[in-house]
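Quick heads-up: structures coming right below.
Here come two complexes built around chain A, the first alongside chain B, the second alongside chain C.
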Partner chain A sequence: MDFIGAYSPDNLMFLVDGFWITLKVAAISIVLSFIIGGILGILRYADIPVVSKIVAGMIEVIRNLPLLLIIFFVYFALPEIGIKFSIEASAIIALTVFESAMLAEIIRSGLNSVPKGQIEAGRSSGLSYIQTLWHIVLPQGIKKMVPPIVSQFISLLKDTSLATVIALPDLMHNAQVLNAQSINYIVPIFILVALMYFVVNYILSIVTRRLELKAS
Partner chain B sequence: MFKSKKLFTFMFLLILSVFALAACGGSDEDSGDDASSSEGKSTLETLKANDKIVWGVKNDTKLFGLKNPSNGEIEGFDVDMAKAITEIILGDASKVEFKEVTSKTRIPMLNNGEIDAIIATMTITEERKQEVDFSDVYFEAGQSLLVEKGSDIQSIDDITADTKVIAVKGSTSAINIREKAPDAQVLEFENYAEAFTALKAGQGDTLTTDNAILYGMASEDSNFELVGDIFTDEPYGIAMKKGSDDFVQAVNDALAELKENGKYDEIYSKWLNF
Partner chain C sequence: MLDFTILSENFDVFLEGFKNTLYVSFLALIGSFILGTILAIFRIAPIKPLNWIGTIYVEFIRNIPLLIILFFIFTGLPVFEIRLSGFVAGTLALMIYTAAFIAEAIRAGILSVPKGQMEAARSSGLTYTQAMVHVILPQAIKIVIPPLGNQFINLVKNSSVLTIVAAGELMYQGDLISSRTFVTFDVYIFVAVFYLIITLPLSLGVNRLEKRLALSN
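The block that comes next holds the complex of A and B.
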């Protein structure tokens, strides 16, 4: 094991470059999948003829496929029909598609946890359906959604490492390049990489705990 | 109720259009530096028109294609060969572009036009010949032996019943060595790092696997060297899109020229002589 050689300034900068890509891809995917997943979750919950059925079907298909397969599909299969993305865009699209489906289900179950009587009460007090959803159901449901949503964000951040298969230059990929320099680097580099992932995800968990305390 | 449902339908359409827009936006990004061949022209003519060859190389393979974290350059035997071949075909070694490939991505990337050729420790096999065109062999890879300098073992014939051979579990090299030297005691380890550590610790007399990997180990510790000829055959070739006969011909001519004028030996000894 060669800690000094492994942690040379050049190598550390190289890992930081990779970490930046990891964070960038994760952040964009988190924002996009939160918006899309939220809309899909509400659409499925709202029980609108045809639309809810289509949304439910889409969610079920995507949710039951491995993320790795979706990444391969976006990067290798779509170009066959003329739709081509860069590596980074492919990773973001695949993660967004997959995580939107997961988040949609979390949001739907949060909404489902609100008793139906609340909707009836809202409707009979003269609120429209959307007003009822927005002012009555969502605020009550959100408390239940926050912890599983953050868990999902944490796994999204970790799942970015799957995109190394299409050579996304993320933290995991750069760690592998460094490991190829010398077999003595493998353990020190992996220790550092584990630490980097842990710190970011742990910060996310702490923030959630704060949010939970605030909500209750 | 009716009104709000209409609104939902509208939102649904909105999501669909967001997806569609995302699709358009993404594809724009990549179309600029495409290496795709245009209709009617042969591959070589297209390359000359582009005035650039895009090579798919490994970024994580020591001595063949390894990214240098200090300057971001990819360095290795494959990379130097690609530059030398480009110099002959286009007249200038700087008219190259390198894109990272892995064993999984290289053939799809070649076929969808992201790269013009693959030079990435790729063994020529009958199976792969169905999918791509190969150049002549540019590196004779195969299984070889790594020993400590001054060892009695100088080739596979020196392996006796007393010899402990280190190999990696589940690899074809363990099977091959049992076939070629049935007397030997084979010790199998989990991975290359452990196998090399075991050899250094004197737990075995020699380590066997692909010579490309052994060269990498020898470059890390100058007390070790490769001995004997390769005893299995895994020739590396340059892969090009199926049907690009003139490009294959040009690459083969370039390889022949490099071997003749000594440039090949120069690159070879730069990376693979220990």
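The block that comes next holds the complex of A and C.
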């Protein structure tokens, strides 16, 4: 094992570059999936005749598929029908599709935690259904949603490593590149990379716990 | 439209992958249930060093990607002259990873059993271990079943990662077919359907159990 060679300045910078891509892809995906998941979650919650059923079906199907399959699908299968994205865009799209379904469920259960009486009260004081959702239900539900959303972000950071299979130059990918240089690098690089993921995710999980305590 | 001849001509291969996915998931579930239970007990046992071991394991493994564990076992262990097949390495990685989540689910279940139960068991002469096995765990299991179901769904989905080490599961077989026939789109759709055959009924079952449990409380 060659710790000194493995942790050379060049190698460390290379890993930091990869980590930056991981964080960037994860951050863009979480923002996009928060928006899409929010819309889907509200549509499922709102009990609109046909629409809510269709949305519920979509969410259930996507939630129950492996993320890896979605990544492969976006990158390898969509070009077959003429839709082609770059590696980074494919990773972001696949992650967004998957995480939107996850976030939709989180948002829906947050909304469900608000007593139904609140809607009735809002409606009977003259607000429209949409106004009631926006001004009464959402602000109360959001407190319950934040902790699971942060922990979903932890999953997302971990899941971004799967995009290594389509050669996204993320932390996992760059680690594999270094590992291929020398058998003596493998263990030191794995230890360092695992610690990098761990530190960021552990801090986030402490944040989640704080928020959970505050919410309860 | 979907090309169903791809499905019928390669049905054996799909089925092989389907069976392997189920097989890997079951093996990993059993392994991670045993390991997870031990870790959960470590975390709540009144012995400090065990608490530390349990906590470090759970916190560390939960916060790193499954892929790192898999690569470490598959490409890191050979550095120490330990060589495992893709299938064994993959099953081990899934087991090690899932055990951390199962440990948390079981710990939450155990903590939900009122403290008085332990005190009553201990004061009627049972040892800590006896009280745990005969009094606390049987009551905890009811609360633990829905999250365990969710973990099994995650296991089935995560087992797709084993395609990277050529473990012969569903995703891998799908890739084989698509690289042989040059049809990707349709093959992935069929692969998706095979995954859903396992995960959707499980997910519906878990939902129903959770609702029933919420009602009974």
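Just so we're on the same page, the second predicted complex is superposed on the first by the 203 of 216 C-alpha atoms of A that agree within 3 Å, B and C clash if a C-alpha of one lies under 4 Å from a C-alpha of the other, contacts with A are read in each partner's own complex, and residues count from 1 in each chain.
As a convention for this text, a residue touches a chain if its C-beta (ideal position, glycine included) is under 8 Å from a C-beta of that chain, and two chains touch if they have at least 3 such contacts.
The shown structure was predicted, so the numbers you read here are calculated from the model rather than taken from an experiment.
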Discussion item. Quick check on the superposition: with chain A as the shared anchor, is it clash or fit for chain B versus chain C?
Written reply: clash
Worksheet entry | Partner chain in contact with A:67 - chain B first, chain C second, else both or neither | second
Worksheet item: Just chain B (first), just chain C (second), both, or neither: which does A:165 touch?
Response: both
Worksheet item: First (chain B), second (chain C), both or neither: which does A:212 touch?
Response: neither
Practice prompt. Would you check which partner chain A:11 touches, where first means chain B only, second means chain C only, and both and neither mean what they say?
Written response: first
Worksheet item: Touching A:182, do we find chain B (first), chain C (second), both, or neither?
Response: first
Worksheet entry | Partner chain(s) touched by A:120 [first = chain B, second = chain C, both, neither] | neither
Practice prompt. Using the superposition on chain A described above, determine whether A:48 touches chain B (first), chain C (second), both, or neither.
Written response: first
Discussion item. Quick check for you: in the superposed arrangement, does A:198 touch first (chain B), second (chain C), both or neither?
Written reply: second
Discussion item. Which partner chains sit in contact with A:76 here, chain B, chain C, both or neither? Use first/second/both/neither.
Written reply: both
Discussion item. With the touch criterion stated at the top, can you tell me which chain A residues are shared between the chain B interface and the chain C interface?
Written reply: 76, 80, 165, 176, 179, 183-184, 186
Item to complete: Give every residue of chain A touching chain B within the complex, in rising order.
Response: 10-11, 13-14, 36, 39-40, 43, 46, 48-49, 51, 55, 75-76, 79-80, 83-86, 89-90, 93, 128-130, 165-167, 169, 174, 176-184, 186
Response to the item:
Listed in rising order, chain B residues that touch chain A in their complex are 1, 3-5, 7-9, 11-12, 15, 18, 22-23, 26-27, 29-31, 59-62, 66-67, 69-70, 100-102, 104-105, 108, 112, 192-193, 196-197, 217, 220
Response to the item:
Per the touch rule, the chain A residues reaching chain C in their complex are 1, 60-61, 63-69, 72-73, 76-78, 80-81, 154, 158-159, 161-162, 164-165, 172, 176, 179, 183-184, 186-187, 190, 193-194, 197-198, 201-202, 205
Discussion item. Using the touch definition from the top, list the residues of chain C that touch chain A in their complex.
Written reply: 59-60, 62-68, 71-72, 75-76, 79, 153, 156-161, 163-164, 171, 175, 178, 183-185, 188, 191-192, 195-196, 199-200, 203
